[in-house]
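Naming follows writing order (A, B, C and D), and every chain is counted from residue 1.
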Amino acid sequence: MILVWLILIPFLGGLLCWQAERWGEQAPRWIALATMLFVLVISVVLWLGGDFSLPGSYESQWLLEWRVPWIPRFGIEIHLAMDGLSLILVALTGFLGTLAVLCSWHEIAHRVGFFHLNLLFILGGVVGVFLALDLFLFFLFWEMMLVPMYFLIALWGHSGSPGQTRIRAATRFFIYTQASGLLMLVAILALVFVHYSNTGELSFSYDVLRGTDVPEPLAFWLMLGFFIAFAVKLPVVPFHGWLPDAHAQAPTAGSVDLAGILLKTAAYGMIRFALPLFPEQSAAFAPVAMTLGLVGIIYGAVLACGQQDIKRLIAYTSISHMGFVLIALYSGSELAIQGAIILMVAHAFSSAGLFILSGQLYERIHTRDMRTMGGLWSRIPVLPGFTLCFVAASLGMPATANFVGEFMVLFGTFPSAPVVVVIASVGLVLAAIYSLLLMQRVHYGPEYRPGPLKGPDAREYGMMLTLLVLTIAVGLYPQPLLDTTAAVAAPVAELFTDASDLAARAGEVN
Amino acid sequence: MNGIPMEHGLILASILFSLGLAGLMLRRSMLFVLMSLEVMLNSAALAFVVGATAWSQPDGQAMFLLVITLAAAEASVGLALMIQLYQRYRSLDLDAASRMRG
Amino acid sequence: MLTLESLVSLLPLIIVATTAVVVMLGVAWQRHHAGTAMVSAGGLVLALLSVPLAAGALTSPPLMTVDGLAIMGSVLVLLCALVTVALSHHYLTGYIGPREEFYLLLLCAVTGALGLVASDHLATLFISLELLSMPLYGMLAYSFRAERSLEAGIKYLVLSAAATAFLLFGMALIYARTGRMDLAGLAAGLAASPDAWTLAGAVLMVVGLGFKLSIVPFHLWTPDVYQGGPAPATIFLATVSKLAVFLVLLRLVMVAPIFDSEWLRTLFTLLALITMLGGNLLALFQPNLKRLLGYSSIAHFGYLLVAIVVGGQLAVEATGVYLITYLVTTLAAFGVVTQVSSPFGGEDAAGLHHYRGLFWRRPWLAAVMTVSFLSLAGIPLTAGFIGKFYVIALGVADARWWLVGSIVAGSAIGLFYYLRVMVTLYMPEPGMRRRDATEDWGSRVGGLTLMVVAVLILVIGVYPAPVIDWVVDLSAAL
Amino acid sequence: MMVTPVVLSFLFPLMGTLVLAFSSGRLGARGSSVIGVGSVGLAALATLWAVLSHTGDREIITLWTWISVGDFQPTIGLGVDGLALVMMAVITGVGFLIHLFAAWYMTGEAGITRFYAWMNLFVFSMMLLVLGDNLLLLFLGWEGVGLCSYGLIGYYYQGLDNARAAFKAFVVTRIGDVFLALGLFLVFMELGTLDIATVLTRAPEFWAEGSATANLAALLVLGGALGKSAQVPLHTWLPDAMAGPTPVSALIHAATMVTAGIYLIARLNGLFLLAPDVMLLVGVIGAISLLLAAFAALAQTDIKRVLAYSTMSQIGYMFLALGVGAFDAAIFHLVTHAFFKALLFLSAGAVIISCHHEQDMRKLGGLWRKLPVAYGGFIVGGAALVALPLVSAGFFSKDEILWQAMAADRNGLLIAGLLGAVLTGIYTVRLVLGTFHGEPGSDHARHPEPGTNLITHHLPLVVLAVLSTFIGAWLYPGLGGLFPDAPGEAVEGGHTLLQVLAIGAVVAGLALAGWLFLMRRPWLDDVASKGAGASLWKLWHHAWGFDALFDRVLVRPWQWSVRMLRFDFINLIMNLPALIARGFNAGLVRSQNGRTRSYAVVMVFGATVILLALALVPGGVA
């Protein structure tokens, strides 16, 4: 029952914030903060309590499970379950949600209640995505988390840019994700009806559908339906157009959520749904996916260097980082998938940090254009120091979580695809280039405009410090995270091994 | 029954129908548009009568009566609206009433 | 033969007809707007209560069949009429000139719709269709002093008459070839082989009905009539008229095999494709809200045509659910337009700029509108999503990949203008004076029904099981 | 976590960094320099304690397992053996002296806390690099050192070209790091472990000598070493790295970071022995860099750039030693080089500060009487650099390398070494004469302000000067035991012949330089200003044009593609559906022209099309 509460708390909190606006501007902020802290505390308590040993054959792999019939006609049920991976991601959502509320403490001045309503609805939807196990319920949360994000970007976007671009960016974000989501819905329904024709049982539940053997030509298209929906959200290069615009226009809280969690829902979706449901096709599709990952890394890096707007640069770096995750997921090695999970968490920390810093910069110099920045190191007391740390994290400096993630991915993928790893390592050099470019243009070089600026107050300092400590902690001692997700990564990796044997055997046969 | 074969009746009705259609599309004044509507309805009624005679059943005739009553109702409402059109635009031209577009 | 038993099965139609007569006498005796509204609402409620009785009756009148489809149709028609009456009362208070006649026209149209839904014979089909359309000309041209309403009335009259002529001619051809007028007889008569004339007749009937459902090549009248007609009339046109005609088309396809031939199925597929895409594409940059809703209703019926193409048990069920979700959503959307433009002041508040920043003036009205537009777009947790899910499930079950693809493309395009409308609600409004719903809109009958409808959208979206079970039971009886 | 001296030795700098980084301005200049220097001093003491208590065999201290997934089990473990201790001694010892001198050098500079924070972080990363017992931890130190060099080279961040030099240094070394990373991946895939000891035992079992994988692994490790030690292909960043303060150049670009590559190859000697032709390549690269840098040093005007190129050539010597398999000789030269090159850099720093940041030799001169300590440092350092026989430490280590080269009868390398020795003599004399003798070129040089502080200025220079003499060479404990036996052992005779040759080369170099610069100065100047001489001088000045080559081949195309791709054209493809929809919308909206009759026409047209399709399309009419 606690799983239902995990989803309901953000929604109730959101409604409370909307109504609390009557009692003054601060009330919604405190309520939102309390809600997200509550979610974080619950997930941490669950984490400490739960044991994540590899699932024995007898008891189910889910730490917690909650199941109730919803639409009997189609066999749809509200089926929530939590295992190591979803627990970590829910905790991450709680943490980043708290950060999002904190970093928009002064930034959002008008219509505060409605802002927090949207913010908490996004987080509720995301927690729903991580916990939903019924394909219909998963799709429902998948589409539902878009609406509040759309309003967040369209209504509270950066005042700097004229109104129209904000709405266009928000609409592009919405339509990209929604249309690809519908493709996934078609794939889900096709899978359900194939299962129905095989076994006469109409059900949307994950465990039941995993076993269906779908006839070959159709199976590839279904896998593609799932892949495209997650590729648009990841984002994978041809479908990445919406991310830089959405980030450039979103408020800081929106960017933190968008980069921190929404991208992770796509990776989670791949690990949970795309790979296990269609193992053979995914194995066959792996080379294409890896090439897309590579293109993502290189293309994201090259474009990141060319950007003038600081948030667009960070957005393109996210595309580059997510390229690594895509490679890992389709490499079929347990080490790489564990690395991908660590990289997801690490990227959430480093990109959230960089976005919060760019938000704080915007509060001080009211611009995001790097051409009008320079030599800020001497003008702002502590912020540049933190920026340097997060820049180091984003270029994969050892002792940061990104390094652990990236190198586990590369170590894991090397045996199965050495050429891919060689090209991906070029991405490491490009990562150094765009990260240091960010540092160079913003903090080093001659001062564009003289005059000292005020340093970070306690709130900002606290946020930055926690993020930094977490990055270093995971960088130096990632074992707790690894143990929790071990139970998830192992079966996914085996999917590929027996899938590739299958493919190999199939290869011999014909 | 060695009267004229049914196909000829139907073809006549079709020709009548297409004449009504042409009138609907070509004429500008609303009066003639209403008239061509009547022609189309009557052609349908004719087809019914032809059908009835072919199958020697009374159904066709009954339908003919229904069609006539409908045509009358149609005409009355149409003329009422035409009067309002004339009062507003001082002309019977159907295209005068085409402000809503796009 | 017309036995007492079959009369009972026609009870709702009889009650509505008597209400119309009572209203007519009431108008003749002494005009009282609120009274008339109460009487017509009472009549509709009474008819609604009598539906279970009618459903219980075993035999049905000669030219009609009161089966599951008819019952479902009658219930939906009565509910929509009830909401229209509730909304039109506040709207008409501002109308100078006779107000009671509107309810009279509405009741006659409802009678026609009830007859159409249960019709089993070409004659009853024709008569009920005309009984439904004739009062609509009056309702649309009700405020004839405003030229837009007159223009809408004229356009609808001319083109609807032409469509009826097509329908009639089609019926005539089929009658001439088969000599049978009732659908069951038609089916037997045609079992031999559908020749040129019968197929031509079928096509002409499709054109006639297609006009009423505003399927793409015959949709051009829709935006102008939706924009011109007074808001309550547009609600009635968008809900009851389309609902009844679609159920008839479904019955024709289900019962009469000539509609079942492979060739017609490809024709319907093509029509569905162009209707979905055409409806959405036309609405992309539409500044007028009522025209936009007109285009969106075209698109929605494009999605629904998939049920006609697929046919079978699941199709009837999908039609039932989709119609319920479509009706609830359209009632809410048009209801908001009615609330903002009532009491009637000569011109409806259709321009999108009227709704800019509505959330900061009328939060709950804007919330209703947001929910309705989310439902139109088919976003989860709203009824619209359940409808879209059903239609896609239908398309996938029958492996109609072209149709499913165009549903996805259509809804992606549709998102653009639904989002554009939704975001204007929350934009900070510039200082311009603009029309607004009356302060106490929420406490009036119309406002309350609107809130109930909005809640219904969310309830169906969150927990659709009861609605689905109801539709499954009714369609099983077919 | 046992508190052994080794753990203490690298914890002190870490604590120093954390205190300085999070003090955010509360510590004044004095406070931060005390902490900065103090922490490295304590580290030196801890190292000393560790050296004394070292029992000879390799001791592993595992702090905790870093990651454990399946058989990928890297640990945070410290491997302490002779090689590590020697390197630790150099890092903390020479590092401490440089930190001490930096206190004097940086007086009056803004942001001293930031300077010492970076310096301490550098020492910490270097210690980790040296102590890491598995390759992943070594890689951690490896990258940490790169980051600190970025921070320190870009210390004067106001100047755009300083920041650009730091950026270039980091990117070029990062390219080397990527090669090393690929090497790590290959090693892990083939041998299943990253632990250095196990790698060295398993390598011979799994790989045959000279097999493709062995060659590839050695090549990749070599690539990493080249990047960090600024050898031929990846050396362009070293001269520009002189943009940082001189103590930084002394610590990073003379004593410690640039030697990381040699340490790596020495540590993984087993790997290289399995790939003899890669060993030869190491030697050849060493020889090429040796000569290239020596020639370039001849034509430099900035004293720090001369020293930078001389560092590059001395490391070339070390690579040459590694190439012929004389690992012990390479480390020996590494140690002595750390002493005398640090001395030279610090003396140069003393000169620069005294002449108000004047670095150009042509503007300096006639300082030998005014800056006696700096002059003394230069003389002793220069002697060691030139390898003055019997007196200087350089002689013993360089002679050992040449002897090993001769013993391994790699005559080509030997000749390159000798030629290098001659050239070294020439540019050292040119440097000393240009800076200290002759007429002062600018008023800064006429009245310099010599450093007077006894502890922070004189002490480091004197100590280093002492270490640069034969005492430094004597201090070095032979590490023969740790490495496979060098070629020199097997051969008896010929050592004396080599010593004669080496001494001859040195004497010839000095004589030639003396003759050229003292007697024939005017002749030399006009040769260097006309025709062939001038172009040769320019070529050497720009270090054989490598920088320009890389700029045109790599940097410019990269910038061009970044500019071209700034407009995200793949995005256009995704905008296509929107444009198509917009086109259709425009077309369809025109059909809504409001006239009833045109609506009727379209309706009729639709009906006729369907009817025609009925007649024409087969299957319609049965």
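Rule of thumb we're sticking to: contacts are C-beta pairs under 8 Å (C-beta built on N, C-alpha and C of every residue); 3 or more make two chains touch, one makes a residue touch a chain.
The model shown is predicted, which means the values in this text are computed figures rather than measured ones.
Which chain pair is joined by more contacting C-beta pairs, B-D or A-C?
Between the two chain pairs, A-C has more contacting C-beta pairs.
Centre-to-centre on C-alpha atoms, which chain is most distant from chain C?
Ranked by distance of C-alpha centres from chain C, the top chain is D.
By C-alpha centroids, what is the most central chain here?
A
Starting from the mean Cα coordinates of chain A and chain C, work out the distance between those two points in Å.
Measuring from centre to centre gives 43 Å for this pair.
What's the distance between the Cα centroids of chain B and chain D, rounded to whole Å?
Between these chains, centre-to-centre, one finds 96 Å.
Could you grab the centroid distance between chain A and chain B? Build each centroid from C-alpha atoms only and quote it in angstrom.
The computed centroid separation for chain A versus chain B comes out at 65 Å.
I'd like the Å distance between the centres of chain C and chain D, where a centre is the mean of that chain's Cα atoms.
So the centroids are 78 Å from each other.
At least two partner chains per residue is the criterion; list those residues in chain C.
Correct list: 154-155, 158, 162, 223-224, 412, 416.
Please set out, as single numbers or ranges, the residues of chain A touching at least two other chains.
none
Hey, what residues on chain B touch two or more of the other chains?
21, 24, 33, 94, 97-102, in rising order.
Any two chains that touch count here, so list every such pair.
A-C, A-D, B-C, B-D, C-D
Would you pull the chain D residues touching chain C in the complex into a rising list?
Touch residues, chain D against chain C: 577, 581-582, 584-585, 588-589, 591-592, 594, 596, 598-600, 602-603, 605-607, 609-611, 613-615, 617, 619-622.
Under the stated contact criterion, what part of chain A meets chain C in this complex?
70-74, 114, 136, 139-141, 143-144, 146-147, 150-151, 154-155, 163, 167, 170-171, 174-175, 178-179, 182-183, 185-186, 189-190, 193
Across the complex, what residues on chain D touch chain A?
Residue positions touching the partner: 21, 24-25, 64-70, 72, 76, 110, 136, 139-140, 143-144, 147, 150-151, 154, 157-160, 163-164, 167, 170-171, 174-175, 177-178, 181-182, 184-186, 188-189, 561-563, 565-566, 568, 570-571, 573-575.
Quick one: in the complex, what on chain A touches chain D?
176, 237-241, 244, 299, 302-303, 305-307, 334-335, 338, 375, 377-378, 381-382, 385, 388, 392, 397-399, 403-404, 407-408, 410-412, 414-415, 418, 421-422, 425-426, 428-429, 432-433, 436-437, 440, 443-447, 476-479, 482, 486
Show which residues of chain D lie in contact with chain B when the two form their complex.
589, 592-597, 600-601, 604
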